[in-house]
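Every chain is named by a letter (A, B, C and D) in the order it is written, and numbering of its residues begins at 1.
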Amino acid sequence: MVPLSWYLIFAAALFSIGMFGVLSRRNAVAILLGIELMLNSVNINLAAFWRYGDVHLMAGQVFAIIVFAVAAAEVAVGLALVISVYRSRRTVVADEIDMMKW
Amino acid sequence: METTTLIWLIPLPPLLAFFLIVLFTNRSKALSHTIAVGAAALSFIGSMIVFVRALGVEHLGEHPFESAINWLPTGDTWFRIGVLIDPLGAAVLFFVAITIFMIFLYSVGYHNYGQPAGDHDVKGLPPHGATVTDEHGHKHVVPSVEPMYSRFFAFLGLFAFGMYTLVVSDNLLTLFVGWEIMGLCSYLLIGFWYGKPSARDAAVKAFMTTRVGDVFMLLGIAFLYSATGTLTFREIFTEETLHALASTPAWFGMTASGLIALLLFIGTVGKSAQWPLHVWLPDAMEGPTPVSAMIHAATMVSAGVYAVIRMFPLLTADWNGHELTTTMTIVAFIGAFTALFAATIAVAQNDIKRVLAYSTISQLGYMIAALGIGAYVAAAFHLITHAFFKALLFLGSGSVIHGMEHGVLHTGNHHVDPQDMYNMGGLRKKMPITFWTFLIGGFALSGFPLVTAGFWSKDEILADAFGHGHLAVFVTLAIAAFLTAFYTMRQITLTFLGEPRTEEAKHAQETPWTMTTPLIVLAFFAVTYGWVGISEHFPILGGLVPNWFHDFVGHTLAEVPEAPEFSWIPLLTSLVVALGGLALGYLTYRNVKSVSEDKFQIPLLKNKYYFDEAYNFLFIRPAYWFAENVVYKFLDKGVIDGFLHAFGPFTQGTGSALRNYFDLPVINRAIGDGSAEITYWFGGKLRGIQTGRVQQYLMLALVTFIVIGAALYFFVFAA
Amino acid sequence: MTGEQIVFLVVAFVTLFAGLMVVTTRNLVHAALWLVAALFGVAVTYVILHANFLAVVQVVVYIGAIAILFIFAVMLTRRDMRDQGPQMNKNWWFGAVLAVLTFGGLYFLLQGWEGMTKTATSYPVGFDAISELGNALVSPAGYVLPFEVASVLLVAALVGAVYVAFNPRNGNSGK
Amino acid sequence: MDFISTHLLSTILFFPALAALVMLFLPKDEAKLHKWFALAASLVPFVLSLVLWFNFDPSQPGYQFEEMYTWYAAIGSSLHLGVDGLSLSMVLLTTLLTPIAILASFSINDRTKAYMMLFLFLETGMLGVFMALDLLIFFVFWEVGLVPMYFLINQWGSANRNYASLKFMIYTMGGSLGLLLAVQLLGVLFKTYDLQTITEQWSAYTAPIGGIPASTFKTVAFWAFVIAFAVKVPLWPFHTWLPDAHTEAPTAGSMILAGVLLKLGAYGFLRLVLPLYPAEAKYFAGALAFLAVAAIVFGAFGSYAQTDFKRLVAYSSVNHMGFVVLGIAAAAYAAGTADARIALNGAILQMFNHGLSAAGMFFLVGVIYERTHTRNLEEFGGLFPLVPVYGGILIFTSMASLGLPGLNGFISEFLVVRGSFGVGVNSVPVMAVYTAVAMLGLLFTGAYILKGIKKVLHGPMNEHWAHGEHKLTEINTREIIVMVPLMVLILWIGLYPSWILDVINKAVVMLF
């Protein structure tokens, strides 16, 4: 049997990788890719806790499904924004999108 | 009708007449004078009924007609006002009713009722006469009717109301009400021809001078009321109250009764024009007519003496019968001094009314002096006889002036003063009724022996003064009496005797019946009224007629005063001064042709001892100066407003100091600007991290999160 | 070491490698494809965990829909990003440090947790996880409300996405 | 009808304010409508206060027609209304003078809507002071009255109105600061602002407050009250706002200012100072009497010095109101004695009387000012033949102001003099001296009144006013209607004062 710790460390590693992507990539689409990785790591955790807890309690899976839904929504909106920004500013480089600057 | 009800009603018709005329009928001259004269007649009839009924009461002194109602609530009690007719009241009411009725009647003629309106007459100035064309086409100038005819009667009505109120009052307060209403009327009547500056100023002067006395009187009333709790005469003049007042010490070393009497007396000094408040009365002759002059001189000023007579028990409350009290001394001194003082001025006056005015002052001084030495009945007697003959003289002089005005209109020379005696002369032929009645009045004033009323009353005063040992008063009054006879004869001589000195005097005319009838009636009383008060001790005549007046009026007091013992000295004195004065007057002025020949035109006397000038210099101008410069300009505008206005600069100074030395450096610079600058500085330093790049924000957040999380973990959870 | 463990380790390694490639590769199309690989790895992990439904959904939704969406997006925006210039920003090293720190922190925290070494109970025989899941999702006693909310969110997000991405200037809105 | 009979006071109080609010919705340019509406609206409280007067039982102690509504429960203040004989006469005066003043301002044609609204608000403010039985309410209405008056002077006044209105406002506000503080002290101390409760407890209060002896506090609070009211009365030397404000105010404003607003100060003395501080009032009565006498004498002198007709009348108010305070001071000296009651009767009646005569005088000045546009006495002269009716009315009213017996002023002045001199004779000799000095003021009352008549009516006619465009026109019917009620009351009180004095007297006996 695979111990719970493996899943968790695996998820943590995937999360960190995704976070690195979020923090470091210049391309907005790439940032979204990083986010997808982070969300997946969370889902692994949820599924693992479901399996290693009481399997009759479906909370883990339910939440994983909701995360899917949220992820789908996020991607949809995020990509729409990227396209919109790209249209108006002709760039998708996150560094250059700094209208919030002082 | 109940006598008391009737007494209540006596003052009302003239008041009603006043309101009716003012509010409704002032456009109609006929209606106005009908109402006014009718009202006077009603009051006259009522007064006579009351007088007759009063005569019929046995002990009127103890049981007078009286009635009172609640008027003012004062705490738990009421101040009551009412009417009272006791012997004194009845006697006074008698002469007041007669004279007032006569005045009303006389005024109709004097103001030229029935004559056409004047050509250029305006309200506020005396009428100047009207031009009429007779059936032959000749133009004549005739006297014109007074433009403010109705108003005059309204004022007269109000005046009569005041006088009646004063007489029938049973208390000092309503007496004062009547007193002041008359004051107002005298103001209005003196200023009747308000268009003349002299009349206007004389009116103000009269009001103010009498008001000086009035405020003292008001103070005396307040004092009396405070000390006794009542102002009703019959309650004050009880043995206990008077005794209590007489034994209460007040201020200035006087007893309460003495001080109150003195304060009330000062009111009289003002009203009766005694020295030193006499200055208004001669000026009051600016009044339009001898009628109004007579109102002041013969009736209203009598009110002052009447008040002192009324308050006689109070005046003498602390008197032992011999030594005069302080108050009485003052009263006697002022009376005697005024009698002499005014008589000397009268000698040098040329205006027919002014002579009479000073004569009035002098005669009132007589009465006051009599009261000061305790001669109650004599004073009351002289008051009444004087009222008759002085009214007669004033009306007579009015008649003369009226006749002279006729002459002035005839010649058209308006520069001739119809009141100046040096413009007259020889009028006895032109105006016989006036002359004879005036002569009677003049003789009565001089105290022509035996036949005139003036003789009996004046003699009684002299006898009292002598009999009670007040020689200084006696001598002074005797000299005054001599002067009185002298100037009276001077007046008669200059006016009626000799030949006319001017064209106007030649064309003078006798006056209409409305004016002469009152003269005749008053002349009757000027002679006969003396006979009701002939002393029993008088040789031969004494006892022929009972001394009714002494009995009747004397019973007003609780103790009927004793008539003095008969003595030849005062009798002879009064004979000598009266006859001597008359003779000297006639001899001196028999041949005087013009004013330059008059030896008595001494500037000091002519200018009335410069009292007007002195008062103007001492009181009036300083008062105005004080009011304008000290009170208004210095205190109000300078000190108080200056203080207030200083508040502005002061507040501004404080404000700018606060601003310059606290707000700006401390609050603004250090705290206000300082905090902003610090924030600015920090912001400047920190804004570098506001890159607008989402990833950097995220990094920062994560760093913070990690640092805080680590710190929490290691220092809180792990610890 | 059981076969299951070996399988897990292999899958995990592949997944992590794919994830690393996603965040590091220069070509975005490649990155998207590496994402597909990583997602597939995760799906296998679900299978190992007996979460069959999740595995299927992972494949269908993520790989089938989201990953494809990414590829479209990359293609749409690719014109000036065509593999030129650095793909990493200048703070990438700091991001790396933070990622490592995060992983370290998580690892450290997990180390201190007693449930870490817990092993799974044997999967109950005849347990129908899918129908249980279905019941839980739509039963009023279960998670129907969050489920519905999630669906509403999805709708809202889609509408919003359409609105944001819609370009009135070039679009045919008629203006 | 039942509502009105149970809420009579609040109806009287708030009706003018309500009417003013209704007026807000009237069209802007209908000056005639505004005037008639305001007149009608101000007649309603007058009629109601007549009802009040006839239903009032003077022999019953305490307040009547009491009403109480929660207003500010947290600090113990409530809208507590009630009248006794003292306030009743003042309420009657206010409701009487307001319609008269509104009728007097019919000649105003500038922004009538705002003007009339301010007047109606002013009435509510004044009535509130007289009806309030709660200190805080009293203070609120006290200040409410200021605002409309400020604007009336500031907007409709004559040349120097800015200065005058500012002075008026600052002066009275400044005076009432101490009052507010003292009221707050009482409120904090007793947890209520109810006048009756505070009156019962405060005069007997002896415990130290914050370590400072109560007597110190009482003295300070006493002076705070006194100064607030003294400014309003106005007592010398706080009077200089008055001539300016009166002179610059529009005619009706002066009428109300002299007729009612000054009475607020005197009313404050009677309603608050004497009951709350009997001991302090007695202790400081000498100072009060001194200031009163100063007001009487200097007021008379000040008036005598004027060449401005309106200012002359304004100063006469200082003089007349001095008598009110003299009576109050005398009563404070010898509370409970018959002398004190007489003095108070006089003081209260004097308040009423001065309300009538001063309003009348200001109106008459206004009448001639409207026609000639000058108030300078030197420019008049000999106008009597031109305006005989006006002249008669002027002389009549002047005589009332002068205190001629037979008219109202005499009764009250006599009672005050009698009362204070009685206190002098029977208890405190110094009052006799003060009264005697006050006589000097009475003398000069005559001087300035006669000066006014002399300069306006008498003497040679100033031909300027006789012909042509400047021709002086006679007083018109509306103006006569304004004067008639005043003159009738002046005469009526002068001849038969007990209808009102009885009510006042019973209240005085029960209160003091």
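Criterion: a residue touches a chain if its C-beta (ideal position, glycine included) is under 8 Å from a C-beta of that chain, and two chains touch if they have at least 3 such contacts.
All of these numbers come straight from a predicted model, not from anything done at the bench.
Q: Relative to subunit C, which chain has the most distant C-alpha mean position?
A: Ranked by distance of C-alpha centres from subunit C, the top chain is B.
Q: Suppose each chain is reduced to the average of its Cα coordinates; what separation in Å results between subunit B and subunit C?
A: 120
Q: Provide the C-alpha centroid distance between subunit A and subunit B, rounded to the nearest whole angstrom.
A: Here the centre of subunit B sits 115 Å away from the centre of subunit A.
Q: Using the average of all C-alpha atoms in each chain as its centre, how far is it in Å between subunit A and subunit C?
A: 6
Q: Hey, how far is the Cα centre of subunit A from the one of subunit D, in Å?
A: 84
Q: Provide the list of subunit C residues touching at least two other chains, using ranges where the numbers run on.
A: Residues 89, 91, 94-95, 98, 102 of subunit C each touch two or more of the other chains.
Q: Residue numbers in subunit B touching 2 or more other chains?
A: Within subunit B, residues 695, 699, 702 contact more than one other chain.
Q: Which residue numbers or ranges of subunit D touch two or more of the other chains?
A: Counting only residues that touch two or more other chains, subunit D contributes none.
Q: All pairs of touching chains?
A: A-B, A-C, B-C, B-D
Q: Which bits of subunit A are touching subunit B when the two form their complex?
A: Spelled out, the residues of subunit A in touch with subunit B are 22-24, 31, 94-95, 97-102.
Q: Sort out for me which residues of subunit D touch subunit B in the complex.
A: Subunit D residues touching subunit B: 167, 171, 237, 239-240, 243, 298, 301-302, 304-306, 338-339, 341-342, 345, 382, 384-385, 388, 392, 395, 399, 404-406, 410-411, 414-415, 417-418, 421-422, 424-426, 432, 435-436, 439-440, 442-444, 446-447, 450-451, 454, 457-461, 496-498, 501-502, 505-506, 508-509.
Q: Which residues of subunit B touch subunit C in their complex?
A: 695-696, 699, 702-703, 706, 709-710
Q: Give every residue of subunit C touching subunit A within the complex, in rising order.
A: Those in contact with subunit A are residues 2, 4-5, 8-9, 12, 15-16, 19-20, 22-23, 28, 31-32, 35, 38-39, 42, 45-46, 48-51, 53-54, 57-58, 61-62, 65-66, 69-70, 73-74, 76-77, 80-81, 85-89, 91-92, 94-96, 98-100, 102-103, 106-107, 110, 115-121, 123-124, 127, 129, 132-133, 135-137, 142-143, 146-147, 150-151, 153-154, 156-158, 160-165, 167.
Q: Show me the residue ranges of subunit C that touch subunit B in the complex, using the header's touch definition.
A: Of all residues in subunit C, those touching subunit B are 89, 91, 94-95, 98, 101-102, 105.
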